[in-house]
Amino acid sequence: MKKGDKILMVLVLGWIAVLVLLPLSGIVREVWSNGLSSLAELLRQPTALRAFMLTFWLTLGSVAVNTIFGTMLSFILVRHSFRGKIFLEGIIDLPFAVSPVIAGFMFIILFGPRGWIGSWFDAQNIKIIYAFPGMLLATLFVTFPFVVREVVPVLREYGIDQEEAAMTLGASRWQTFWKVTLPSIKWGMIYGITLTIARAIGEFGAVIVVSGGIINKTQTATLLIHHKFMDFDFTGACAAAMVLAAVSFIILIAMQYIFSKRKV
Amino acid sequence: MKKGDKILMVLVLGWIAVLVLLPLSGIVREVWSNGLSSLAELLRQPTALRAFMLTFWLTLGSVAVNTIFGTMLSFILVRHSFRGKIFLEGIIDLPFAVSPVIAGFMFIILFGPRGWIGSWFDAQNIKIIYAFPGMLLATLFVTFPFVVREVVPVLREYGIDQEEAAMTLGASRWQTFWKVTLPSIKWGMIYGITLTIARAIGEFGAVIVVSGGIINKTQTATLLIHHKFMDFDFTGACAAAMVLAAVSFIILIAMQYIFSKRKV
Amino acid sequence: MGISIQNVSKRFGDFIAVDGVSFEVQTGELVALLGPSGCGKSTLLRVIAGLETPDAGAVIFNGVNMNAMSARQRRVGFVFQHYALFKHMTAEQNIAFALNVQKRGKKEIAERVGHLIDLVKMRGYAGHYPSQLSGGQRQRVALARALAAEPAMLLLDEPFSALDLKVRESLVGWLRNMHDKLNVTSIFVTHDQNEAMEISDKIIVINKGRVEQIGAARDVYEEPSNKFVASFIGNINIIDAHLEGEAIFVHGTQAKLHRPAGYDAPSGDIVLLVRPEDIGLQHVAEGPHAIPAVVTGIRYKGSVTEVDLQLTDFSLTALEFSKYIWTVGEKVFVNFKKYNVFAVGDSHHAIRRQLEQLGYIE
Amino acid sequence: MGISIQNVSKRFGDFIAVDGVSFEVQTGELVALLGPSGCGKSTLLRVIAGLETPDAGAVIFNGVNMNAMSARQRRVGFVFQHYALFKHMTAEQNIAFALNVQKRGKKEIAERVGHLIDLVKMRGYAGHYPSQLSGGQRQRVALARALAAEPAMLLLDEPFSALDLKVRESLVGWLRNMHDKLNVTSIFVTHDQNEAMEISDKIIVINKGRVEQIGAARDVYEEPSNKFVASFIGNINIIDAHLEGEAIFVHGTQAKLHRPAGYDAPSGDIVLLVRPEDIGLQHVAEGPHAIPAVVTGIRYKGSVTEVDLQLTDFSLTALEFSKYIWTVGEKVFVNFKKYNVFAVGDSHHAIRRQLEQLGYIE
């Protein structure tokens, strides 16, 4: 490496260290200094366990819905051309442009008890806002683009040669999809799913607005952390943050590892 | 289009409508129903203007720092191989895996008055947390991956042929960078910058934790919206949300438009 | 299986890819669809396979109209230009795909796949993924995969165009041998006239979506039905001349040639098309009609030598099989041992222009 | 500009790309570096250009050692295999790049660019972006760009390998003409022996990072210095035989040939290398050493015809220039008009194995 490259490298590493590595090590250190007892204690609180379970279900729901519809949308965008396609492509990134808080308010305005659609549901005694359905909608909104954005380029590069080959070899549409198409785009899907999981687990702004943060009912893990912090329960907040961050890290690192090992 | 494809199309459009289009239209409708007077009124409040200005400076700072360092990191990752490269690649996505709230707490733990590094700054009478520097750090953290993730694939596809050609034609390193490399990767950079802007404008979780939300001092536009909403000033909140969302939309749509028009 | 293509047309938007093409392929024949890039030959092959739907006309297999049949139902073997191997499957799994899809017995599949791997000489590479194979090996796997379900017909879309020269030459010979062994009706698309001539029983020359000529390699080379075929297949000298009764006067020379048998157009301006190997060179004039020329260039090509000649008004290229005879600057005498005659017309210029656009003529 | 390459080596990790290569190029020569894929020829060219640093040896231009000079300082014109045009610039802007970088006067730049555009026949395409040009046009723009700053040397890295056959043929002839006009010292890399033979003053045959032979096209084709060169350049028949004193006995036949002049190895097993065009075919035996054979295949190639022959123990391919003579199944007599002799050794098998791996021999 030349001298100029070395200076560049040091600068970049410094930037990464200050922004990412140091802060992360801070949390680990905090939990460590309190011993692992704070972790154990946290996991004995029913409120905390419920919060983690709620986050789990929200994440699962987001992954299921957005993976299926996101993959379908990717196929439509790559394989068909139709009027309004550019409009559809433009919409994919919109959730990135909308602040999570604003997203939360959008859903309250629309689905709240006095909202456009919400008033109808309210009349049927179905609660959307300050309840699970609203929180799921908000999480779906913020995680909307990930699968589409990862699957579209993979699908575009992959082309249709292999599918045509499968067809001439006598495979049905269904066999072609499961045996040829899906294995070819699975890495894009997995990556999109991983990002969806990470975002769903960590979502705060949209959820705090939509949920109302009712303890034991609509409190997710991130809301729990915020709540504990506001109550000056630093140790508890750090322990919960550790758990949450660890889950996300493990998923992300596992995926990176699988990626580096894959053959195809 | 075949019948199966049509059903698929309808399903996907429904999903997009419920998740994205309807909620957005809700906000627009709300502001409209109050007349544009609420917008005018909002823009007359000095507090609101200060909040928008703060968001502007945070966004500008994030774009400047993360574009420069992100581009440098992309070059290091694509052009060099060295021990620890896989580790560095794994780190890029970490901010996606960390909840914004947790990110906020990380910076408080590290840079807070009683924190590891913060106590030293505190002794020098430099405030980081509950002040602009901490908010910038938090925004930098959450927008860290965008430029790198967009520039790396472009840079990889672009290769080094054109740079080698420029060198054999007598161009210096500097000339090669400005005249050949930069124009070739600029679309990746612009896209990364757009996403960085959108995220920086909309960030809520990390900023609310780090800022303390002091009115007229550390209140960003998203915090302002949240504050107004909590105070049941729905009209004001919607007007502010409209302004913020409109700015993000215009930037995103403008970029989509430029992309569709580019020749190369 | 015999194939009959009847008046097939296909357009994409405003572009007419295939324009009323008809031809027949007999059972067991190996036929080449030959033409320049973008002439519609690949589209035609895809129409036959059922991968594209024709706008008009019929594709008939053994007397049965296939128009309503999907690619899956037609059961043809198709070999793609860029292999289109399944990247997530090994060579063996690729070859077994068609049999697995048909849910054949495990033992039968293993036997048939083993047989095919031997046939394409890939023993030892069965467990390799496509990314671990060379281009030639990939195309052999693709061929084995296409043959696995014992299709009655094999369609190959520029199967060798992505390969290096020497690899291509060896695979072309190998494909011909394999065809002779299996005797499956085959159509292959190519833009390489050498490949087409070497391998096929019959060549169908296509240009701008239309059939220009159908015939054996020797027919299209020696009796081209028009100027396009003459220029596209092999090298050719185009010489301006004038036909008057039974005599042909070559412009800018004293040469007088005979009207060829079978050419019965009226007198007028014509062009002579002469193959480089049909130009005879002598040290001394043989007869009164030998044309004097000067050697301006010699290109040694191993088994043959190309000689560039400058005449008074135009230049020629001759192909010599004997070595060491000529030197640059030498004066020689030229005569035409064999030539084709075509009337001058707009189409002559149009074809020349088209070939220029394709970059074939400077 | 004269170039001298002295004992240059370059390795990448464990792979030795260039292994002690030395050669000279005279001012104004057009030289081909010819070898199979992965033989190190491109690396060598990049070392000459200064795009790679050699591990050992010296690159000398006109007597000046260039090792410490960067690519920028060497001022050679380099043409890349995949053009490497600047995609965001028009053809004109690409060509003007070197002049702009040198901050030449506007008028001078416009004049020089105009001249180059005419030279490469791209008038009318000056304002087109690379994506709007065909492969052949792109490579012509790349050539003009490389020539813009009037380099003393032109290096071309497989400049035509990404192009179609007919386009390639026309560009090869065009490049030769251009070289004759400009007379700039040129080295070009190719894996296509036809291209190398047709275009170059001198061929440097490279295999596994080493020089196998240096000579004019005729030398390397007719007097190959080893079996690799003989097999790689042109087609060849490899025949097992035995040398005893002055006589050569061809295995499995009654033929007795003479030891060639200049071959002074002791008696023992040898191989005969015979070019297809050096195999003579007769209807009746000429002399006692004509070998009987049966015609097993005929491949019509337009100007020439390849004839496959089966002898008692082995098969041969002959190249015939006269048409219509032979038919499949016919009995003929073979004699060898010209042959090269090499001792049998491990290297014979090693080279055969290498060519097999490359896919050249089935």
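Lettered A, B, C and D in written order, each chain numbered from 1.
Basically, a residue touches a chain if its C-beta (ideal position, glycine included) is under 8 Å from a C-beta of that chain, and two chains touch if they have at least 3 such contacts.
These numbers were taken from a predicted model, which means no experiment stands behind them.
Identification of common neighbours of chain A and chain D yields B, C. Contact analysis places A-B first among chain pairs (by count of C-beta pairs in contact). Taking each chain's centre as the average of its CA atoms, chain C and chain D sit 25 Å apart. With each centre defined as the average position of its C-alpha atoms, the distance from chain A to chain C rounds to 55 Å. Between the Cα centres of chain A and chain B there is a gap of 17 Å. Counting partner chains per residue, chain B shows two or more touched chains at no residue at all. A ring topology is adopted by the chain contact network, closed into one cycle in which each chain touches exactly two others.
Which chains touch which is summed up as A-B, A-C, B-D, C-D. Remark: chain C residues 36-37, 121, 134, 136-137, 164-167, 170-171, 173-174, 191-194, 197-198, 217-218, 221, 232-234, 275-277, 299-304, 306, 319, 321, 323, 358-362 touch chain D in the complex.
If you check the complex, the residues on chain B that touch chain D are 161-162, 164-172, 175, 179-180, 183-184, 263-264. Residues of chain A that touch chain B in their complex: 1, 5, 8-9, 11-12, 15-16, 18-24, 26-27, 29-30, 65, 69, 72-73, 75-76, 80, 82, 86, 88-91, 93-103, 105-107, 109-110, 115-117, 137, 140-141, 144, 195, 198-199, 201-205, 208-209, 222, 225-226, 229, 237-238, 241, 244-245, 248-249, 251-253, 256, 260. Per the touch definition, chain D reaches chain B in the complex via residues 49-51, 70-72, 74-78, 80, 82, 84-88, 97-98, 101-102, 129, 131, 145-146, 148-149.
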